[in-house]
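Here come two complexes built around chain A, the first alongside chain B, the second alongside chain C.
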Partner chain A sequence: MSLSLFNIALVGLIGLLGIGFYGLMASRNLIRIIVALQIMVKGALLGLIAAGQVNGQVNLGQSMALTVIVADTIVAVMGMALGVQIRARLGTLDVRALSRLRG
Partner chain B sequence: MLPILTLLIIALPWIGAACVWLIGDSRPRLLHTLATAFSVLSGLVALSVLPFATSEAVLRVSLGGIFGDFALVPDGLGVFISVIATVVGSIAVIFAIDYMKHAHQLARFYALILFFIGAMAGLALSSSLLFTFFFWEITAVCSYALISFHNDDPNAVAGGIKALIFTQVGGVGLLAGALLLYAYFGNSEINTLLTQHQNLPPQVLAAVGFGCLVAAAAKSAQAPFHSWLPDAMEAPTPVTALIHAATMVNAGVYLLARFYPAFESIPGWRVAVMTIGVLSALLAGLMALAADDIKRVLAYSTISQLGFMFYAVGSGAIFASQFHLLSHSIFKALLFLSAGAVITSLDTRDLLKMGGLAKRMPFVHVMFVIGSLGLVGLPLANGFFSKELILEGGLEHGPFWLYLIMLLNAGITALYSVRLLWMVFWDKPHGAQPAHDGMPAMRISLVVLAIGTLTTWLLAGNFGQLLATTLPSHHVEAEGTMTLVEEIFTASATWIALGVILLGFGIWIARPAFASLARVLKPFAQSGFGFETVNQLIVRATKRTAALMQVTQTGQLNWNVVGILAGLFAVLLILLQGK
Partner chain C sequence: MLLFSLVVVTLICAVQAIRAKQLITSSLWLALVSALCSVLLFMYGAHLVAVIELSVGAGLVTVLFVFAINMVGDDPIETKPVPPRWLGMGLALLFIFLLGWYVLPGSIVSSASAVVEQPMSEVLWQQRGIDLVVQVVLIFSGVLGLLGLLAEVKAPLEGSVASEVLSRREDEMKAMESQYLSGQETSR
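Let's look at the complex of A and B:
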């Protein structure tokens, strides 16, 4: 496995996804969870751009990435807004307090 | 022109549903008018398509590789079922003008009814099993919503949910059939199945066949899925008439008749269909004898008449089954709507409080007697001819012991019909006072249906011709009406059946002699022969499993995330495997 640009991107992608995944599972703080989610999405972005580079459709990969950035921003903003509401109602950002979905 | 007309059969009720829904409850008179106009119009359109029935698709819209084509095929069977749905449906709507006069939330009521009628027409006209499934599910949802129309009554809500669950169990069978078909043929066109079924591996064909049988039995309320139909009686009476006569329950018989050429070669399939029909007819007949609610008696009689139709399909008498479907939809609508008139007039459904209405509700009495003639199958009512054809077909092409039980069922039908007539009209009064003898719109719809009951058998020849020319795979033999009538009157099976029916009447007259037998049977019949207990057991088991699974619902965000990601990886792995 040579150290081509694609392989570097691949390693970065897996790393970002892994960090994000770990953050999602391990953090209790809602802000941290949103940040972890962002990291995961950034990994996916990297994947999109790298995939576009590899199969020659650079434009497609980059425009997909742009679309994801827009959607992702909305997700982040919504998450933050929910965080503000949760802080106002429950007085904490600890997700363990949010157990209304318990069966 | 034909494509537009065919599309309009479905579109008109749906446009009407949207209009009624948007207008809202504030203008009831406009709602009555609009609902009647749209349903009657769609009925007329369906009738106008009837002469042009063809086995070719008249309208084809491609929806891509997976969904295939959405095509409408107005062949004999499809147009016939949609005519029943729209015409009998519109009569029920006309009846509802009086019945629902003082009801609230009329917009919801009419919108759902029109949506229901349109979906039923779509179910019969669409050419691919996938779209048949879609329309099938729409009718299930509409029936649920209409049965629990009085949603502040817990019984109505429970009845609606029961109907939904039972028909969903069947829907799974249909969906499995459609998916298997897609997996083997690359599309789910019904025609492909009918013409190329011999290319399917036998086990797969059997799976599709029995899947469709489960679907049909659940939809048509056949044993062991019959117990939702009596509980659906909580619905307003026009809805019951709609479900029992015009739409819902016909779908099952339609499905079996439609696929008969493909499934007849499956070992055991035909006998299974016949056995289900015979058993349902027998159990429902006995339960009808023990029921004390006028609508429940009629509900059980629907199950037993649908049993006759299943029996006919199983014995290969497709024409007889569809002819009986036609007869049944008319006389059962008549019976239900007459019962509705009795119920609004007395404000009770309890048979024990009725009696002596023959003199005080003479008009409804005559209508009810005509409907009962059809139900029992006495000459000159349409039910006589179709039922004799069914019994004749069963004798020729089915096992003899099933034929014997079916004969017994004809006798039981006579017995419970005369019991019903006796308790409502001929016995001495038991308290309840009638307020009216049918209101104007009620009378109109009753008279139309009564004329239909007495005359539709004259169309038997044309109907056979229609099925024979437009259903190439079904090998229906067409005969003229007069030949058919002559055949029926000269067949020995007819006279045997008539004898059994008279025997049924005789048993009612000599009922004190059978009192001990009735005492033994009555508790079983009233408890529904234990099917309800089995249902309860299944519900309890499901609830217990759900309680066990609750442990996995921690409500913790982190665990939920793990679940989502694990699911994602599982999907990715499956996709990689399939590559």
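Let's look at the complex of A and C:
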């Protein structure tokens, strides 16, 4: 059985999404959560480009992937900024410690 | 075969990024995932996105990660994750299975060669113009986030906020008590 290009991309997509999903559930460190999110987004990128290629519209897939890359980078930057500030004020990066905060 | 082995290596690197004990190691594995992903994207014909992913995903984001980890330190969190590891692993495997079951049978499609592909500039600037506006807004908010990252950071507190508040309250109580005692002595 030989896998087509699209099937190979789907294997990568599903694997990256699954690994990122596990990382999101298993990690309590804010930085690790951002790493897991990044892994999931890599899978989404692969899926977008593969879908564009199979439909004969690679450029459309590329333009969408470009938006995803920008959004992903901004999410990472904002997450890291939050992490740095939270670590400075609370002394921890544990997300459970954040959920105990009361206003 | 080359493509499939690249995908497998990417998945192994992603697992290592999640499993790594140190944050800095984790971010380096993530950079490797980004680099391999950009190679995959290049092989799928998305040359522009591959270059951007390599420079932004493997370059900029990694530098930011290393910078942030240097600022926050690499202290391990001793307590266990909220769902136990076996439950998390089971749910992730179930997610992979269900997604594969849903997606893979429908993926046997013939390549749609009848669609006329438009040039990248036309797609990006004319058809997806609204995306570019969104990107500008996102980049602006990213700059604000970076300012937050670079903002002056106070020294970390010794304990949690609650213990800090409690110790301050105890100090205040002791001060009030000593004030009361000294007042009584003067009245005698």
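Here is the rule we use: the second predicted complex is superposed on the first by the 97 of 103 C-alpha atoms of A that agree within 3 Å, B and C clash if a C-alpha of one lies under 4 Å from a C-alpha of the other, contacts with A are read in each partner's own complex, and residues count from 1 in each chain.
As a working rule, a contact is a pair of C-beta atoms (placed from the backbone, for glycine too) under 8 Å apart; a residue touches a chain by one contact, two chains touch by 3 or more.
None of the values given here were measured: they were computed from a predicted structure.
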In the superposed arrangement, does A:89 touch chain B (first), chain C (second), both or neither? second
A:22 contacts which: chain B (first), chain C (second), both, neither? second
If you stack the two complexes on chain A, which partner ends up touching A:81: first (chain B), second (chain C), both, or neither? second
By the touch definition at the top of the document, which applies to A:45: first (chain B), second (chain C), both, or neither? second
Of chain B and chain C, which one touches more residues of chain A? C
Is A:98 touching the first partner chain B, the second partner chain C, both, or neither of them? first
For chain A, give the residues common to its interface with chain B and its interface with chain C. 21, 25-28, 96, 101
What does chain B use to touch chain A in their complex? 549-558, 560-562, 565
Which chain A residues qualify as touching chain B in the complex? 21, 24-28, 33, 95-96, 98-103
Spell out the part of chain C that touches chain A in their complex, as residue ranges. 3-4, 7, 10-11, 14-15, 17-18, 23, 26-27, 30, 33-34, 37, 40-41, 44-46, 48-49, 52-53, 56-57, 60-61, 64-65, 68-69, 71-73, 75, 77, 79, 81-83, 85, 88-89, 91-93, 95-96, 99-100, 103-104, 107-109, 111-115, 117-120, 123-124, 127-128, 131, 134-135, 138-139, 141-142, 145-149, 151, 153-161
Touch list for chain A against partner chain C, complex: 3-23, 25-29, 31-32, 34-36, 38-39, 42, 45-46, 49-50, 52-67, 69-74, 76-78, 80-85, 87-94, 96-97, 101
